[in-house]
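Take a look at the structures below.
What follows is a pair of complexes built around chain A, which joins chain B in one and chain C in the other.
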Partner chain A sequence: MGEELSEEERIKRFVEERKKKAGEERTKESGMSARERDYTRELYRASQKFIDIEKGRDIYQTMKEIWGAEPLYEVDEKMYHRGGYRQSIRKKEFIDAGKQIAIKRGLPSYSRAVGLPVGQRMLEPMPVGKWGITIEQDDSHHMNNTAIQQLNDDIKRTVIMNLDLAHRMLQVRVGKEVTPETLNFYMETLQHTMGAGAVAQEHMNEVNPYLVKDAWAKIITGSDEIMDGLDQRYYIHIDELFHPDRAKALKEAIGDSIWVVFRVPTLAMRMGDGECTGRWAAMQNTMAFISAYQLSGEHVISDLAYAFKHARVIHMGDKLWGSRVRGRNEIGGIPDGFIPDIIQCERDLPLMPYVEYMTQDDAAASKAMTRMSEGIGGIAAMLDNTLWLGFYMSGGIGFSNTVATSALSGGANEDVLSEFSNLGAKYLRGKLIPAKWDIMKVMLNMVATYVIETYEKFPTLAELHWGGAHKTSIMGTVGAGVSAMLTGSSTMGLWAGNYTIASAMKEGWLRTGWAGQEIQDHMGMPYLCSFRPEEGNLTEMHGENYPMHSFSAGHGNQRAAANYGAMMGRGSAWCLSPVVKVAFADPHLAFDFRRPRYCIAKAGIKEFMPDGERTAITPACDILDRGILKDTMKEIPF
Partner chain B sequence: MAEKTKSEYVPNIYPGKDTVSARRKKLWDKSRPLLKYRSIAEDDITQLLSHRAVRSAYVSVHPPLEELIEPYDPIKHIVVPTPGTRAGDRIRFIQMSDSFHLPSIAPFGRQRLYFSRFRGIDTVVYSGREILEMRERDLEKATKMLLETEIFNPGRSALKGITVHGHSLRLDENGLMFDARRRYIYDKDSGEVVYIKDQMGNVLDVPVPVGPPLSEEDCKKLCLTYSWDTQPYKARTELFEMMSRSTKMRVMAGFNPEMINESM
Partner chain C sequence: MAEERKEDWWKDKAWITQYLFKGEEPTAFDLLGAFVCNIVMGSPEAILIAGNMPPRLIHFVVNHPKRGSESIVLMMTPVAVFEGEPEEEPDLGLEIDYYKFAAMLGGKEDVMDMVWSGEVTMSGNTVVGMDLKDLLDASIGKEIIERPAAWTIGVP
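Presenting the complex of A and B:
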């Protein structure tokens, strides 16, 4: 039976209860309970025990080198007292150049008197890769970096044509013999015509060979017999350039077909666009055929031209849709699957699935991860962030460049990836993980939280990757790359990348980057796993040209990591095309697709020599006089 | 048979029972008032926003709704206009930036709070900033709440209408978030953060103090994001299960909702 209480007592008790409850609420709202305080304090104390371990990581050394301060400390005591732009050698050079140009041309140029004051925070130097080269952020702007320009140029000026159809036409319809001798003669002629040298008509305008010294063509074939008959200068030596296992796989895939990879002059492609590449190559190839095989008559020549322009040709990029219209061979049209083929970083590694590397030793697994990071950071990030989003789409905004450069910084990304490799080597024991979400999510959560915690532990790393897009780019790449390498599935890789950004990162920090996640990482999920044409497609066939996504900075790395990681995860020698894979192994290319970050670093210190110079036809003069000499022409009367 | 009692739907707001989840549940639940930490005069708020001169009349872009004759629209009978809309105010904005280091609120946290607690808004989330657009007088009212309550840490949240860079940088010597335009400084005499410029970086005639920065302990207590040394993220099993499930459902059943089942 309940206690009988008088009305007064009941009211008194009620008031006391209310007071007690209100007090509890107030404690909960305004103060920390004793238990909470203990929990926080204990955890904080426990976390201090791991500081020494953190100090042993590569990332600690890298951050120390960059910032010259304690990497784990979240206060920068010199902030606002760093001397503004004067702390940067490059900025000071820009100021001087801006003044000189303004005086010379009579119009203002670069000036720090406008806009906001620069350099109140530290304008940190950036070590690229692990080559021991440190550059300034400005040096990685695509306008300042000749290697990034050459990367762009070398892809856009490449087109690959198949000769089998042409040879069949010659033999069946014209009755010509195709022999090693004729092929060699044709290739010699082709080196001449690729530089716009005339072969069929007498009175033609020709091009100064110094301007087109970067124009050539080379044969790609998988047949040793054909290669034996060819002049060694005219084909790409697969056996020498690739690991024997990879070379064998590539040669088997290419077979007896004969392909020719054309490098159109950088200057020609720049004057026109990527679309000019196919036209130039087809024209000069047809002329080489006409000359080498003594052809005449409209029917066979027009059919040859058709074969080279349309029927048997691989362009590096498809044309884009209406609102972003550009011709073929432009960055926006490159299928995602071609990017791992363009990247050459893994080509000297043994051909086996990534998990088998893990069984060998930690160093081998780390090496494979580092190679993936090299390719994604040096090529995919540049193509997507710097060139496509930052240049083509945004009109030269510098922000995208900084996002891309976050993928360049050595010692930061590799640290996370190699830690993971070591961990995987312990637990996976050489077995591919099934591409099942319920299994993968466990591994993925571990990786995602590891990267998240790394940013939390190292305020200097958070400052280096100062924008959400920078962190998104790294998070997505690590999530996608690791999952793809473990499963061999690019779809699972992309799925993991989207999850890492849109769920793990977003819910942990309540922030992502550059407003793109609602439209790509969430919406992209159903699309990426549906192969019905109106919904999705194979991951390798996606690209900037893929209409289901609205891409934002940082996602290019993720997509490339999914595809490149899956290729290495499966133990494949190529991703989408063995011919493209071989084409970019060509040692004549100015940009080294095997060591992209090295090229970019060299360009940052002005030691990379690009193609496409015009000095052969410009006056010898001081850099300031270039473009201003035209004034003297105005004084000459007609 | 007794009639089944109707149970009222109570939104869970957010998964998990840890401190950070509890914070999120509170901030995004409009039925729970936010604690007031400081008072900022309305005129000061007008100055900080820099959209109109202090005590000047609101500029309107259309006549008051009562004076407008508009075509019939049933939605207009359902939705009660906000005061600013009724008066025809301009749409103005406030942009807030929150530090990466133990913030009392963060961009997606703001977005969910705005959607939950305000009406007549447009908002965009970025990594380090969050813009909120409203009719001018509604915005001023909302700003008062944003600056006076527990979600504002003067040291690690800031009004940055332009040049928002700095959320992810290390803190300055006084523990303040970086601001390239130096809109706010730490007054060592009063121990308060003082705005010497408005949100667009124009110098104010009279500086506006917004209170002292929260102590490190308060920062940890009020932090809305997980952190490795205070509230570790990786231990949040319920949250990860929820995220994992929503991801799987989105992928597997995005085009095939009929595939959703209990096992997912």
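Presenting the complex of A and C:
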């Protein structure tokens, strides 16, 4: 039975219902019609209003400089009219060289006639970092670039040993006294033995000192008292090389321990491999000990040798796994956490979390962000893309080198990152972001959208970073770096890199492109929450053999950005080891780990002098005669 | 915030009582309506800023500790406030506690600070969040944060 209502009540209810329905319809209709109309007509018109603003961005100027054309224009009117390879001075040089070599050796050499003639596009020049140096793409191939080679060599020829155990053995078991005088004498001896100079100076094959002028050893200690007693040439001056706050933190962490960083000759390491470094250093260090402390025949010598080879030794890289087997100190074995310690770009900056830089001013925040990019682009990208993937894993043309060059071309990346720093400085105002995913996701969506928008607005940028791997690499690096810088958490940074590639980039463009391989990114997000070694663990302990990660050319930089960014985000003076951090501040190194892209740029214009050259023992002859089967060989009777 | 939790807290807020005289605590829809009518409309700067924006659809999910969840929509340029779910995908979604919502509209809490501290869950176009912050700041006479060049006011 329905409710009994009077006529008056029924009319009243009817009117109320009609009013309610009309109100709902009106609200809905006015709301939707306004939105639809505005969206179809206004948004595109609105976007046109901002073209002048886009022209004010740094990236506009950078693209204009690279391409010599209107950066926002979508049509390349010079296509097919540039003359293919002839637009490149370097490639023309290669053709001439190929002809000369072919004639000289009687075998064909470099010849573009055998390849597929593409090259209708512009072979754009590459401004490296923001150092004002422009090189050609070919100049950044690791075989053409002596700085990239030296970066590789300087890491692989480094090993660090602790002397505390050795000194204790000397004092307790041999009854020798260790004093500043003995330490200085030992260090002097070490400079001799590191270059394969003999201490038992009879019937020994020694090495031409010119070949090993890059062999030396230096002490690292946090104790001012110990440093005061040492000859100034024999230790790394932490106070002079680092910002005072960083120097203080590093010295406190290292304490009174005495470490020695050994630089094995570049040539020796190149003839053998990274594993030779530890052997050479242990052998020559033991010899220096024997000589300096006048040891002979005691059983303590074998213990010293053991200490220097195994006990308290820091190798730059672990042994590689079975299928890629190599010894220690090879690029594939470097723990991810060592890369931020090898990078020195931040060492003169004040020691404070990144968000505090933001409270100072835009310039300070941008500077910190630029330093992160300098380190990631100049060192991490070279180690992972150029050397590991482009050399150890593939070799030859180095297809992943081009991805690395997208990290080198700092004008593009840093412009975006500095704009983001500016944004963060305005809206965060120095507040540390809690390492919570819901918050970081908002930030990441913003950053990813910003980068995607920039690619879409600037066809020239999309052309500069021409492959999916390039864009994946940039997206992952920016996402990981920004999140790590804001939270100080490397796990959050890596998580963010995974999310930016697998979710934000995929949703924005519906594809991640070559080197996307985002299945590992999808897995990374839940797996990073785990602390089981084969799943999440500390990201600093990851490496090239960590199972749940994509090791494409697009992913290397994001791992380094997560760790290095987190180090800077926390306001830490080092990432995994204060000793490694100090070791790579050594001003004697040919490669400047503080200004990596500068070195690479200088090498691109042939102004970087590497170590390990054999000039001292090679004949003075034309470049074409070197390494080629020459007439002299025919003169040697069989 | 604590102020808003007191009994009858809204009765001494002119910007609310001028809009409606209810005996009970206003709904989130009431608060948003009061904010638009009494604060935004009374501020020439806020009107100017809102006028320079492209159309924005902001969906608030406001959680009251006793009344539960309430869904309201704010449209900017042209302005409209209505209850319920938006029928199109909103530009911005904000999930917020009722009392924080009241404090935000009353100029006591900064929407971006609440986002970065995790008190508000934000999804969608962050630029719209900046637009909302500009509107909120302008309406209470605060200085507007200068936008980064690429995402200046009016960017879609």
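To be clear about the criterion, the second predicted complex is superposed on the first by the 582 of 638 C-alpha atoms of A that agree within 3 Å, B and C clash if a C-alpha of one lies under 4 Å from a C-alpha of the other, contacts with A are read in each partner's own complex, and residues count from 1 in each chain.
One rule holds for everything that comes next: a residue touches a chain if its C-beta (ideal position, glycine included) is under 8 Å from a C-beta of that chain, and two chains touch if they have at least 3 such contacts.
These figures come from a predicted structure and were not determined experimentally.
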First (chain B), second (chain C), both or neither touched by A:460: first
Which superposed partner A:117 touches (first chain B, second chain C, both, neither): first
Which of chain B and chain C A:439 touches, first, second, both or neither: second
Chain B versus chain C as contact partner of A:83, first or second or both or neither: neither
Partner chain in contact with A:449 - chain B first, chain C second, else both or neither: both
Chain B versus chain C as contact partner of A:209, first or second or both or neither: neither
Touched partner set for A:587, first chain B, second chain C, both or neither: neither
Partner chain in contact with A:53 - chain B first, chain C second, else both or neither: second
Touched chain A residues, chain B compared with chain C: B
Which superposed partner A:255 touches (first chain B, second chain C, both, neither): neither
Overlap of the chain B and chain C footprints on chain A, listed as residue numbers: 30, 32, 43, 47, 438, 441, 445-446, 449, 453
Chain A residues touching chain B - in the complex, by the definition given at the top: 29-30, 32, 36, 40, 43-44, 47, 73-77, 79-80, 116-117, 120-121, 437-438, 441, 445-446, 449, 452-453, 455-457, 459-460, 462-463, 465-469, 471-472, 495, 498-499, 502-504, 506-515, 522, 525-530, 532, 535
Chain C partner contacts - residues on chain A that touch it in the complex: 27-28, 30-32, 34-35, 38-39, 42-43, 46-47, 49-50, 53-54, 56-57, 419-420, 422-423, 426-428, 431, 433-434, 436, 438-439, 441-442, 445-446, 449-450, 453-454
For the chain C and chain A complex, residues of the former touching the latter: 54-55, 57, 73, 75, 77-78, 80, 82, 86-88, 112-113, 115-118, 121-123, 125-126, 130, 145-152, 154-156
Touch list for chain B against partner chain A, complex: 19, 35, 100-101, 105-109, 124-128, 163, 165-166, 168-173, 175, 178, 180-182, 201, 217, 220-221, 224-230, 232-234, 239-240, 243-244, 246-248, 250-255
